[in-house]
């Protein structure tokens, strides 16, 4: 029989489908997106879009206000606008846009807010005892509230894998609901940490729990556990988003994070989103890349596409 | 959309407008291939003009334009080819060691790998199948078949426990147009590994890759006459299988022609292998991994334009999930890109010939008269060439034309079942028995179903997978004999008592 | 004083029962030396043949799904019963075939040995001819031989008991069911043979034995589409050609080889299909 789990929610008993996933089939389908050839003008468009979709991230113990300020400036102007005349002569040239958000630890949200005031760039903060999530819920909620109070517009929470892997899906659900309440107006991205869930069956189920509980986005990974984002795990989550949309009409966003380092990889993700969810999801509202080094490669590839020249990495900052 | 918009930075005003991906026409360069205007026969290691003096045109089905002229082998040509094969068998191929035979086959495998791109492009030009399939599936498998069988040549004493084997002699082989070079490899590699020599007739619409393979044989210094190619249509094939001096007939093609070959060879003691048609069932249970099952169904029927003898052309879906499966199937079919087979983004290429396209059209027409519950993808079709949209008939009765007749095109019939027993019974409700698919996440149910299905290949939670180590062949009117694996050697040897 | 012997009426063997031919026709069999009447044998009709096919088809699911171990035990039981019925086999071989007691005993010995041989093969031929195939990818792939279905067996014209028994038992050993048209010369063997089968827990319909005219029956075997396999031991070109031409309609698997050993896996392989199953390997 097709399975489902029953969750107690504020509006009563909530059935959540158990959708099994065949690993090999998911891998084959994901691999099929890597062989698409994109038109050159489309590729330039895609690269601009990747920048607009990037959550530029720094999540290190060694992060300092100075480091975060630097990153914020790069987030706003990844490349100085006026110094590359060779680029500007290309018909498809537009100024290199800002990224979607910067993503930092809660203690550094204030620094980011101060630096980015007036730019419209979102400030995302990881919270809920990131990355392990191994704290009591009330501590997690404090973590979230503080980040929101300090000005975070987006919260990237981690699910309770402790509860999930012992089969206590109710707790997983309840924590997301409560974090969502604590977020207020801030958008909630729910990190499944797929590298710890291990199976696609788990990923599929966790995706549905996160969406039912009110997550605005679902996100693969903290970046601290390998494997982080992969094409197949993202595919499985996109398929969950599609089914949830079929059922409820709600559009949930997707954020693969960790391990996406090249423009080529990023475009493969966009192809997959395009063929799985359609172009309505190809906006920063609905799709984000959580990445640190991706931005530099995308800039390099944009330069290549517009000038035919492979620029060396001394030309723009490698922050 | 129910949620509030995210912040937009000044530089990203246009960000919330989704952009539309345009896949480029990404045509594979074709200048890697040189096609002779007028092609000859390959007999006794040389390219020779046909004694018949006749030639016929071979077309590119994606454009309808002529690619080249092929020689039409007549009775005399076939006889010369068989004589060359007999001579090579007697004087060379049955004399040298298995190790030596293997060395030639290994060499051939390597040369095919080296010229893989050339083969892929040529095959796509001649057959109309997408370049991504010839590049990623057909040609790599061709090389793999030669490589696999090469290794058997000096190990035949391990193949059949308790028995010694000997070759049969000269094999006459007739192959179809759906996987031209791959079918040639399936036929030639085991025949040569076991010590037989070969006269092979490629399909009349797709002979060019075999002629390129002949050049590989020359490069590999395969002894003259060990493999001979006679091009031509049905009459050439009939001459070949009827020739008195062949010991073995191996045929892949339609069930009707297969039956006529069996009858034509009756009373001759020629050993036969028949790989014929199919109407393979694809069972999707309600506990399946549905997204992968839908992929499997798509791959099962639309792979190679549905020109696959083992195509999963009958979808049997458990009634409780019919709606969701059909919905997902439709959505997925809309993503299939039909068009120029030379474009790397093309999923479905050209139908191989006008004749085949007409056949598909007439069966679809008949189907629509019997059952109006019809869906086809809305994709645009190229103006030139022979193309057909992927389509299906929903709620098709087991008794309907589209559920019983092999269409050999991108046409699926869908019907429902209620219990595993019913699924098995419906799957077996056919005079064919080539392949079947099963989708379920319950292991014991898969094994029970696989056991009950009367078919030679069962793909459980996958479909249309091929491998040189894996035997392929059918039950009932899908033919007899196996190709591939250890079992694929059996049809080419005498097992001595 | 000599008591008048109760003689046996020899009948057909269909579906585990001993019917007379529905046609009511008989053929007379004589003692080879005295030319006195040995028995009236049934001359099976097309309808008897059809009923045999129906019985064999009905018996197929049950027989083929028995465990291989169970089939082996049943075949071994046949050997036990044949040993007990030795005298009756000798009677037919000596009196209707004119064999010496020594030759007849040798034939019975060999026939029984064949039963034992194939009894021990029911759960091994799959291991010898099955395979796990190392495909290039994340899939488990295995090939296993399976029974083919209903097999018709045209025995050689002159009775050779070991060859007859070897053929029948090698066909059913894998789970096929069979209908055998017995040799015209030596057809009285049907009596002890059918009684061995009937008393060995072989389910009804698994083996069906007919006596009658080859010429009359083989065309109906050739055209009957429920018959998927044919073992043709007649060494008659006309018969084999007809079987191939008519059999092409349902792709009959026809084996005409006759020179093989009595005890050989090849005899089993003639009537199996190889099924290959693929399954992904993943979590």
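When the chains are written out, they are named A, B and C in that same order, and each has its own residue count from 1.
Just so we're on the same page, contacts are C-beta pairs under 8 Å (C-beta built on N, C-alpha and C of every residue); 3 or more make two chains touch, one makes a residue touch a chain.
All figures in this text were calculated on a predicted structure; none of them were measured in a lab.
Chain-to-chain contact here is organised exhaustively, every possible pair of chains being in touch. Averaging Cα coordinates per chain and for the whole protein, the chain whose average falls nearest the overall one is B. Ranked by distance of CA centroids from chain C, the top chain is A. Taking each chain's centre as the mean of its C-alpha atoms, chain A lies 70 Å from chain C. Chain B has its Cα centroid 42 Å from the Cα centroid of chain A. The distance from the centre of chain B to the centre of chain C, each centre being the mean of the chain's C-alpha atoms, comes to 38 Å. The residues of chain A that reach two or more other chains are 22, 24-25, listed in rising order. In chain C, the positions touching at least two other chains are 139, 280.
Contact with two or more other chains is made by residues 461-462 of chain B.
For chain C in complex with chain A, the residues that touch the partner chain are 138-139, 280-283.
Partner chain B is touched in their complex by these residues of chain A: 1-2, 19-22, 24-26, 28-29, 35-42, 45-46, 49, 52, 76, 95, 97-98, 100, 119-122, 153-154, 185, 187, 216, 239, 246, 249-251, 270-271, 274-275, 279-285.
Only residues 128-129, 131, 133-137, 139, 141, 143, 148, 228, 237, 240-241, 244-245, 247-251, 253, 259-261, 264-266, 273-280 of chain C touch chain B when the two sit together in their complex. Across the complex, chain C is touched by residues 22-25, 27, 198-200 of chain A. Chain B contributes residues 1-12, 15-24, 26, 132, 136, 286-293, 295-296, 320-321, 327, 335, 344-345, 441, 461-462 to its touches with chain A in the complex.
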